[in-house]
Amino acid sequence: MNVTNEGRARFRDLGLTLGVLPPGPVNAVTDVPGVLVGHFTRRDGPVPGPGGVGPFNTGVTAILPHGDDLYRVRVPASIAVLNGSGEVFGREFVDEMGMLDAPIMITGSFNVARVADAVIGETTRRDPTVGRGGGYVHPLVAECSDAYLSDLVARPMGEAETLAAWAHATDGPVPEGSVGAGTGLVSFQFKAGIGTSSRQIALGASTYTVGAVVAANTGPREHLRIDGVPVGRLLRVPKPSWVQQGSIIMVLATDAPLLGRQLSRLARRAHLGLARVGGTAHNGSGDIAIAFSTGNRYVHGRVMHGLQDVDNTSMSACFDAAVEATEESIVNALCAATEVVGRHGHVAPVLPLEPLAALLRRYDGAGRGE
Amino acid sequence: MNVTNEGRARFRDLGLTLGVLPPGPVNAVTDVPGVLVGHFTRRDGPVPGPGGVGPFNTGVTAILPHGDDLYRVRVPASIAVLNGSGEVFGREFVDEMGMLDAPIMITGSFNVARVADAVIGETTRRDPTVGRGGGYVHPLVAECSDAYLSDLVARPMGEAETLAAWAHATDGPVPEGSVGAGTGLVSFQFKAGIGTSSRQIALGASTYTVGAVVAANTGPREHLRIDGVPVGRLLRVPKPSWVQQGSIIMVLATDAPLLGRQLSRLARRAHLGLARVGGTAHNGSGDIAIAFSTGNRYVHGRVMHGLQDVDNTSMSACFDAAVEATEESIVNALCAATEVVGRHGHVAPVLPLEPLAALLRRYDGAGRGE
Amino acid sequence: MNVTNEGRARFRDLGLTLGVLPPGPVNAVTDVPGVLVGHFTRRDGPVPGPGGVGPFNTGVTAILPHGDDLYRVRVPASIAVLNGSGEVFGREFVDEMGMLDAPIMITGSFNVARVADAVIGETTRRDPTVGRGGGYVHPLVAECSDAYLSDLVARPMGEAETLAAWAHATDGPVPEGSVGAGTGLVSFQFKAGIGTSSRQIALGASTYTVGAVVAANTGPREHLRIDGVPVGRLLRVPKPSWVQQGSIIMVLATDAPLLGRQLSRLARRAHLGLARVGGTAHNGSGDIAIAFSTGNRYVHGRVMHGLQDVDNTSMSACFDAAVEATEESIVNALCAATEVVGRHGHVAPVLPLEPLAALLRRYDGAGRGE
Amino acid sequence: MNVTNEGRARFRDLGLTLGVLPPGPVNAVTDVPGVLVGHFTRRDGPVPGPGGVGPFNTGVTAILPHGDDLYRVRVPASIAVLNGSGEVFGREFVDEMGMLDAPIMITGSFNVARVADAVIGETTRRDPTVGRGGGYVHPLVAECSDAYLSDLVARPMGEAETLAAWAHATDGPVPEGSVGAGTGLVSFQFKAGIGTSSRQIALGASTYTVGAVVAANTGPREHLRIDGVPVGRLLRVPKPSWVQQGSIIMVLATDAPLLGRQLSRLARRAHLGLARVGGTAHNGSGDIAIAFSTGNRYVHGRVMHGLQDVDNTSMSACFDAAVEATEESIVNALCAATEVVGRHGHVAPVLPLEPLAALLRRYDGAGRGE
């Protein structure tokens, strides 16, 4: 086992695999060329601040389709809502225009407004025409509730935190688990957070990547399945008292040249990846998928855009990749997450990796008739 | 007045104009190069057939994006529903795939299934692979109720009638009023039916056309406005007892290279054209817009499609054109429709053209301070 | 094993269970009081008829929310489309009005129009005001492609077949597998067809049932999972050459007093049940869920309706039930289906029950550490 | 003429009427019993503040369905988007749950996040369980751009301003024109802002009210029609250089007991009211309607809700009322707005009332043949 981060690991580091399609080089959303991810993490532990405010175990995660001017060089995007008990700042623009003109941000629930405000401020600083006759920017900000471990009501994520996540966005391996917007998240009554994965597919003569990155905060323990194995029922780990219903944000990226319509179809497959780990999208959860393609660009100011679109009949491979990448991203969030003791001393236990690996190996043996 | 068709005329033949954008050469949806329209008309008058079946004052109207193989060479399309009290056979495919693979057909309400069945049959004859491993065809069939003037329950439009409308589809001027699917239609308690119009717009260095063709069957008398004038309240014409709520189908075509997303936006503007003539989309009406573009093609069997898309900021001109073309199409349906005496001797009076023209001229004079 | 129907069985007859919620008395959609299901089955085997038409291995399945006048006593309903490569006749009315005014019918793809036509005809016979001033009926007809085993192009399901399915609708146990609309269906490259299941849940002091019935015709072999076990990869059974992408229709019924909005949410959970058996909703499939409630009635002719609606926070139990009932319905379709040899001698092998049970028992033992 | 507010008036004060349905007692959204409206207005004129920040000619408008605890006693609601170039904070919750749990706020574009943040803060103060295990609040905040007259980029509307609008919400007459969120708005290149109107309808034996309140900021001059008269083309008034495309928010309220589905249908009719004054929903505009009913309540914490729903066939009267109330609200916004000189000395001229009245009287005479 390739142990990392306080004894935690990624799922494949356990010698296990999920699905049939091959991951990209770093098995992360950043395998899609150009995509950048950045985190700002605040992790106070259980100690409130002066005046009883806090503790804060929360953060911001920024996902950028490319490193250029996001307002001027836009990419196709779409949003698919499985359960809408959540807030996505900026959804109208994506729904209507089928594109992104700002980074995607994820944060703790009540911070959405402040993070959106920070993106507006930063964009108007970078481009002084925005809001002054040169158009409007539409931050896309989604959220999960970290109220179990963090003081949600105080809304600690503002301008500095948002810009830090944005500024730190890089390619390459993506920190997972209890980082960024994932710092205070819990899924299946295990500590969870950020997870990522990718898959490669061939369309015609070309190879493309579909990557996923999730902020996972959903589901009761007994629903959890990993590679089909009812891990949630089988592993004996104490459960926190609070069953998190606090949303899962699933972001899909691909370099396959899709447009809004195909990205809407792709985004709906993230929901199926969630179902594979046992999610049933309970009432209080915002189960929301966002998909974008780096394979097409809308350059601001052009009258006409030359674009490409993958044929419908080739989409099935993209769909399979989206399901697998989402599934493994959620599993990676569980495997990588480190324990956080938070508000009121709340603690969500981590998914124990050795028992998990042992269990899955036993199942695999059963499949082979051993 | 350029009198045609039993003393009826098109609106502009009355020396009047509507809106500010210029129409195309024939002021019809067929000004969009390649678009073809065909009608099959059955007009029995008030006489039932043997056994009390009928009379039939109904028909089928076929609208084709081009004259090639519609199954193999597909065009982008979208549907926008203002009020869904109606049936659109084939909507799932258009919603999901953003394209058409069959002609658009309009007919009397309960005939939708039989007309769709006829399109399936014809497509499988033309291309024997369809339904036998080579994919499936998705007829797009919409309807208006002609129950006031025609025996709806007997469902007289079947294979022969559908194929006749399809086969007769041509470019050039489009017969309007009491023809095709418009034969038995009533709007604002005047005889109505098929109407068409077009507008030309410049996008960058190119000129494009937005054309509309409607089957109009909606609204109480007092709602009718033409060029803003409350014609329905002012013209003294007896009203039929039955206030038609029987749907309006609005088909928009353009050679501007749009894709499904922009076509969805365009289609929603047809609703605004309906509102300009006073429509409020009553409960029992299917107020449905279908938009397609001939400026992009999805050729069956390709893995990747090269496409163009008009920039968002250039869409406003397309929207204005769609509103105006829809508005004038509805007015043309009213101006061109000839009287039909139908079932149970029902009769919907025609909109009287000379009083209409006199009224609008008087209003125009008032505007100029005369 | 409680062997039935040519040596086939339901999943629970194998001594196995799925999920954690209890099924209703007959573990079928008909556990929802009042719900009726009827099949018409035509099973020619591989022999074409005179002139080379056929063979027909197809049918019609009727699902009725109650046994009263469906046109006059309507129930709330909603449709959720995961992948829209299919045709649902009558969707506009359900989307707009949130109710059903006709039975739900399922049939082979190209028969949709003919089955809808039959429902229109029958409704106008039962109620002569329909289409004659007393409103319009909106058949709800969905489809799966049985082209692998049946002659789809000939469209054999018409009036007689539709009315037979409707007339035979009863409560109690529902025939499953290769019957009705399921006669020619294939899923995961195994013979499939109709399957049903139910779950009971408590809301407040009351117990309600969520039932599902599916027509399953989707997915490549390697995707199939049953209770999480990758059965499709592990069972050594030859595969038919044709990977069916031909749709899955999932109908959910409940006596919990829901309205259109909650039913839309419920319907989306059927997609998650599909994902649990491995479905990824490939491009060519119409993956469509329809949900209705018998716990509210809209009686035709009333100005105001008194209704009940389950609170949002109680919906999670309904969602879990919908996921489990859909999952087990698909599994039941596979377990119950008998072999059909059809068009061109095509044959889809049946899922072998004893090896399946042995495999699942082995996995279960692995979970218990045996 | 009943002159008010710097010589401005409401449309009916000019002795004119619009539509055929009767308004409520104060011809405002507050004719719906319980509904409250409050404004916070900041009107600096053209003078920037220290450091060149500002000037601010902007505000916040609060619309409350009732004066009780909005978080605990929720009302059904729905949103209909005609053109989505805008931001509606909180749309996911309304779409999914079909209800409101917070006041509706309208403000200048880039202030949406700050106003939403203020509503979150205030709700968590009023109810300390919110965000701490007792659920989440979902502010509903919409916007129009006042960038022509106000410094949008500085985002001056924060907590104090939002809470002031909320605290000042009252029933009775609603200040219109250049107040609240309407302070800096321009429509049809005339000064516009807030407008309101209402209509009364009979459903069965009961009388209900449909009220509208708009923040109007849309359309080029030549599109403007009032009561059908092409006022925008006929009145000779200089045009500002900037054609506002900055959104129109249309809020509909009714005491008719509707639920989310019917409210969605109602909301779409607001778009038709906009079309009646000439709107074509240009690309850069967020043309968004929000509808709610005070005739049904979802009381937080109940398992089951007893509700009423108007029958579909009675909705047409509601639709007509919504169209007329929206139309007259926009006209009232234009009639009541007072001149604002703002950023860079920009000025939008007011619609001149005497020439308007003279023109409409002349048209009316033409209609009567005078």
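Chains: A, B, C and D, in written order; residue numbering restarts at 1 for each.
Convention: a contact is a pair of C-beta atoms (placed from the backbone, for glycine too) under 8 Å apart; a residue touches a chain by one contact, two chains touch by 3 or more.
Just so you know, these numbers come straight off a predicted model, no measurement behind them.
Chains making contact with subunit A as well as with subunit B: C, D.
Common neighbours of subunit A and subunit D, by the contact definition above: B, C. Farthest chain from subunit D, judged by C-alpha centroids: C. The mean-CA centres of subunit C and subunit D are about 45 angstrom from one another, to the nearest whole unit. Centroids of subunit B and subunit D (each the mean of its C-alpha atoms) stand 34 Å apart. Centre-to-centre spacing of subunit B and subunit C amounts to 36 Å, using the average Cα coordinate of each chain. With touch defined as above, residues shared between interfaces to two or more other chains in subunit C number as follows: 83, 85, 96-97, 265, 284, 312, 314.
Those residues of subunit A lying in contact with subunit B across their complex are 96-98, 203-204, 257, 259-261, 265, 298, 302-312, 314. Touching subunit D in their complex are the following residues of subunit B: 20, 82-83, 85, 222, 225, 227-230, 233-234, 245, 265, 268-269, 271-276, 279-284, 312-316, 319-320, 323, 359, 362-363, 365-367, 369.
Only residues 81, 83-93, 95-97, 109-110, 112-114, 116-117, 120-121, 124, 130-133, 135-136, 138-139, 145, 147, 152-153, 155, 242, 284, 286, 288 of subunit B touch subunit C when the two sit together in their complex.
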